[in-house]
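Some notes on the structure that comes next.
As written, the chain order gives the labels A, B, C, D and E, with residue 1 at the start of each chain.
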Amino acid sequence: SCGGNSQEGGSDLSGSIQIDGSSTVYPITEAVAEEYRAEAPEVKVTVGVSGTGGGMKKFTRGEIDIVNASRSMNASEEQTAGENGISFVQLSVAYDGLTVVVHPENDWVKDITVAELKKIWEPEAQGTIMRWNQIRPEWPDQEIHLYGAGVESGTYDYFTEAIVGKSHSSRGDYTASEDDNVLVQGVSTDPLALGFFGYAYYEENKSKLKAVPVNDENDSNGAGAILPSLETVKNGSYAPLSRPLFIYVSSKAVAKPEVVDFVNFYLDNAGDLSEEVGYIRLPDNLYKEQKQKFQQFATGGATANKQ
Amino acid sequence: MRVQEKIIESLLWLSAAITILITISIVWVLLSESVLFFSEVSLVRFLTEKEWTPLFADKKFGILPLVAGTFLTTVIAIAVALPIGLTIAIYLNEYAHARFKTYIKPLLEVLATIPTVVYGFFALTVVTPFLQSFIPGLAGFNALSAGIVMGIMIIPMISSLSEDAISAVPRSLREAAYGMGSTRLQTAFGVMVPAASSGILVSVILAISRAVGETMIVAIAAGQQPRLTLNPFVPIETITTYIVQVSLGDVPHGSLEYRTIFAAGMTLFVFTFILNNLSFWIKKKYQEKYD
Amino acid sequence: MTNSEKNRLKDKAFQVFGVFCTFIGLVVLAIFLIDIVIEGIARIDWDFLTSLPSRRAASAGILTAWAGTIWILILSALIAFPLGIAAGVYLEEYAKKTKLSNFLEINIANLAGVPSIIYGLLGLELFVRFMKLGGSLLAGALTLSLLILPIIIVTTREAIRAVPRTIRDGSFALGASKWQTVWYQVLPSSFGGILTGVILALSRAVGEAAPLIVIGALAYVPFVPSSPMDEFTVLPIQIFNWTSRPQAAFLTNAAAAIIILLLITFLLNGVAVYLRHRQQKKIKW
Amino acid sequence: MKKPSKLEAINLDAYYGDFHALKSINVAMEEKAVTAFIGPSGCGKSTFLRTFNRMNDYIDGFRIDGQILLDGRDIYANDVQVDELRKEVGMVFQKPNPFPKSIFENVVYGLRIQGIKDKKILQETCEKSLRQAAIWDEVKDKLDKSALALSGGQQQRLCIARALAIQPSVILMDEPASALDPISSAKIEELIYELKKDYTIVIVTHNMQQAGRVSDYTAFFYMGELVEYAKTKTMFTSPHDTRTQNYITGRFG
Amino acid sequence: MKKPSKLEAINLDAYYGDFHALKSINVAMEEKAVTAFIGPSGCGKSTFLRTFNRMNDYIDGFRIDGQILLDGRDIYANDVQVDELRKEVGMVFQKPNPFPKSIFENVVYGLRIQGIKDKKILQETCEKSLRQAAIWDEVKDKLDKSALALSGGQQQRLCIARALAIQPSVILMDEPASALDPISSAKIEELIYELKKDYTIVIVTHNMQQAGRVSDYTAFFYMGELVEYAKTKTMFTSPHDTRTQNYITGRFG
């Protein structure tokens, strides 16, 4: 699936590329980096998983070349970047449907509304909403165990924004991890669990998890509760939890030819690879657009601090 | 030549003095970041609030849930390791053949040499599923299985140190007991264990200290949810896990969130420091007793 | 039943319980090892040892992890070995029983008991941030060196203490200086014991994950480090990483990596035990 | 026919693993008499003494051939319970070894482990034994104080009292006075003299003068062999064997 | 005027921390004679012996008052180098303590640490010393074998050879024969007899007979005091002090 239309091998490139950030995007970038090894064996690509927030901090301080992000850069991060003389370009690489999951043995949750999710996750719920029947009376009188993204993750920001209504605002008494694998582990082994994370992680572990259809009580984008899937994410009916995934490349980094080569390779293969790891590809023309945008940035648009 | 002697001695002294430097660095690192932390969060809040959500919108800075998690796993571990370890120590001392002892002791110590990630894997993939087969409500992450596995890991610590302590009791006391017609059991519990009690205590304290500071087992198997509970069946979070969790997320340098790991680290350090000194102090006193 | 019959019965009962306790730990260990081997052994082949990490469990390997582990092992040894021995020699042969030496002793006992994750915090501030070494091999090795230093010091002291007083007296009585005595008599005689201690300490370092996580060792490092300033990962971190993945295939990888890690640890421990054994046999004072 | 002997060794060999520590020892010891074992260090005195109450049982690799008879019964026979045997054959060691408990608890330890709880019996036995061991007057006011606070000589007499409390008929003593100062040492010697009225006593000593003063019979051991066994007076004035003579006159040891 | 003494202690007090181990000792020892120190265990014999080559220097808390003169020079004076002193005053210990090296290396150790590398000198010294220590014939064919493979008695003579190799004028011996079998012990005694032609020898022993056989003078110590110092014959036949008498006749110790 890889490297079909990229440059003539480019294998004489060397150097290193540091990437960090979102765990949601990580599987895509990991896949790209792995395929890129065949392309340019001498280029050392390292990928960390600090969550979008953690990655952004490093990125805006100029410590890394590329940041994986499951949300857009926020104002304060932009400001830090500016202070450090770093300009950047944002490139979309795939779609994700943030998935709400429960344990497969959970036979009471058939669907859930956004309002109910808000009731569970808003800061006021901390220490008070502790049992299933507090959400819907017909649900059992048992403890609810919550698993969700950690505060450094873009998923967390996106989820709180979309559900609670305010970014970075939620209860704190749940199992929070930047590493979605931990959340999968937790939900898949805990019958009283409810959690959320990127679609790819659900897709990979379907057999151990049960996705919950989400009802946004807005019939204009599809009536009733909707399960995330290729279809529903692409056509936007899985709202409000569908979202784009990004990488950001810094102006400093594009000075390195290996970075330029890598990003081009990334955009060439993002469609196939994101699908392979369980995300939803962008329409082809969008990838083209991204490439152009990057080309511009790389060849002199370094001043254009544009998204 | 005498100058050379002096130079060598100074170099050696310097190497030894580095250990003091290390301690100072540890304390300095923990203190300097914690001081900044406590300039924003009062010590009273830190010690009395019942929730630990420093990373969230509604920030609560009560260390108690983490302490409770640490306490819970430690208690479970000691509950496993103490009876088994002590029985082994007594058995090896009073009952087993010397030859058996020379083989079994190093074998037992293998338990202590296995890396703790490996124990974490064991707890998560073997012990938890096994326990779930007869404890229905048991969550995938829980204090129980982490504690049990940790207990297995520290068995040799208790058995070896206690065994040393019991062996250090002068032979003459054991002979006195036998000479009076005591059985081995009576000798062990009536004479040897009381006489070695301080050494046994030292082993237990060190084991506690070890359990308190243990990281990977709990990080893998006990969960990551700070919860003020003594229920061993649900996910909890220990002080050490919290530090790992935050480190994995790479909270940026200089933020309050970053400092929380140093405040947590300080708490951990204080606990283990007290325990270690206590054991050291008891050991000193006890060594004098038999010299 | 008379009292002494009762006593004898209790005695027997405890004996049975003693055997049970002695073996329960070993049995659990055995179950565990067998479980790991069953799960992981089939996964180990040449490819597994020589492949870079991959998103596909089936093609992922541990090359970078074990290479990182070997790097860390060697670097830590180079740093901690001379320091530890020098400190041990000072404390055992030179230090007078003053307040200071007493303090040094308590201090070292304390350091030995400081949880490894605290060393991680120290390394994070001191090496990663202050000395700007980043998440490099050198930062990792320095951190672990501090961690094992107390262990090396303590075992060095024990080994030195096992050299009988009479040997030192013999040397002094022939007009040897302190350092001559240490160099010609004490160190050669205790070298086996010291080496044993160093190896045991290294086997501890090999298994550590927590402090390296804290200083920021990375998850995805698809190259073998070629200098101490390179980023790295080690086996325990790779295992931790795979263990936390829910897919069964990665757990298999974790089990396979555990087998390799255990082989390294057992090998180190085996060498140490062998050395100690040989030492005990060779020298009878 | 001569008086039946209290203790007797018949063709006794003893081994520590491969090491042959005692070589076909034959000896019979008279009731209510003091027998002293002398000989250079390592010759097997302690080993032999300890076969009489089977104290060597727990030493790995130790084994014996031959028989030890107590009142004519083989104490290594299968049906003999060691704990019962040791109630019959008390022992006092070289270094005073009181338990780290009170004086009272030390003396009654042997009764307690037999399950005796009756306060009155315990107290009576305690007083009686301490009196017999000639230490009652020195400790009667501090029975609940730690035994470790006593002087070495007092501790040793306490250990003797402790042994007497379970009413043995034989008392084995392994260099009981060698760790003591001259005055305490003299007291122990006196005590032995008193005790032999009621008990059969076997004592190991490396002090020839002491052997001469306290014992009725003396056995001289050399490298695991019993070289000479005779009335003490005879042995010291006209030893048969040259090794005995050399030893007694201090040629070696 | 009498012959000047080789070693002399003047008003010597010695302390281990608070413990007063030697109490104002005054004694002068004659050149090329053997002086024996006797006394019960712990009376200070070894402590005193070790002040002559300052072996106690490394013991924490040890200090002395008073003077020790070697050939009239205070060996505790500031300008005295301990290593030089120890080349002058050799020492042999209770337990043979050969280094875990070859026999050859043991003997020449003292030369090596002085920086002597000349193969010939080393070999000559080695042979000469081993001959003097009456062990040459037994080891000449295995000089490169480990010294630990020798018997105890051979090891002890090797240690004496080692001490002789650096050509001291005084040899201190702390119970040099007590860990040995009678035959080796006798050999060491003979050797001492030979050596006193060239060396001043001070020997600690707990064996009265040995003291009687080998020494010209005897010093009896008791609880840190020098109770009596006299020609050996005089001391053993008519001791002045009752403590000396008691000790010699085996009343205690």
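In the analysis below, contacts are C-beta pairs under 8 Å (C-beta built on N, C-alpha and C of every residue); 3 or more make two chains touch, one makes a residue touch a chain.
In this text, all values refer to a predicted model and were calculated from it rather than measured experimentally.
Chemist: Along the shortest chain of touching chains, how many steps lie between chain A and chain B?
Modeler: 1
Chemist: Give me the fewest steps it takes to get from chain B to chain D if each step has to go to a chain it touches.
Modeler: Steps on the shortest route: 1.
Chemist: Please identify which chain has its centre, taken as the mean of its CA atoms, farthest from the centre of chain C.
Modeler: D
Chemist: With respect to inter-chain C-beta contacts, which pair, C-D or A-C, contains the greater number?
Modeler: More contacting C-beta pairs are found at A-C.
Chemist: What whole-number Å value describes the gap between the mean CA coordinates of chain D and chain E?
Modeler: Result: the chain centres lie 38 Å from each other.
Chemist: Any idea how many Å lie between the Cα centroids of chain B and chain C?
Modeler: It comes to 17 Å between the two C-alpha centres.
Chemist: For chain B versus chain E, what separation do you get between their C-alpha means, in angstrom?
Modeler: 52
Chemist: Spell out, as numbers or ranges, the residues of chain E touching 2 or more other chains.
Modeler: Within chain E, no residue touches at least two other chains.
Chemist: Hey, what residues on chain C touch two or more of the other chains?
Modeler: Touching at least two other chains: 7-8, 177-178, 216, 244.
Chemist: Specify, in ascending order, the residues of chain A that touch 2 or more different other chains.
Modeler: 48-49, 179, 182, 185, 188
Chemist: Can you tell me which positions in chain C touch chain E when the two form their complex?
Modeler: 96-97, 164, 166-167, 169-178, 180, 184-185, 188-189, 283-284
Chemist: Can you list the residues on chain A that touch chain C in the complex?
Modeler: 27, 30-31, 33-34, 37, 44-49, 179, 181-182, 184-185, 188, 204-205, 208, 277
Chemist: For the complex, give me every residue of chain D touching chain B.
Modeler: Residues 53, 55, 58, 60, 82-87, 90-91, 93, 95, 97-100, 109-110, 113-114, 159, 162-163, 166.
Chemist: Inside the complex, what are the residues of chain A that reach chain B?
Modeler: Residues of chain A touching chain B: 20, 48-51, 53-55, 57-58, 61, 123, 126-127, 143, 145, 150-153, 166, 168-179, 182, 185-186, 188-193.
Chemist: Which part of chain B faces chain A closely enough to touch in the complex?
Modeler: 51-53, 55-60, 124, 128, 132, 137, 139-141, 223-227, 234-235, 245, 248-252, 257
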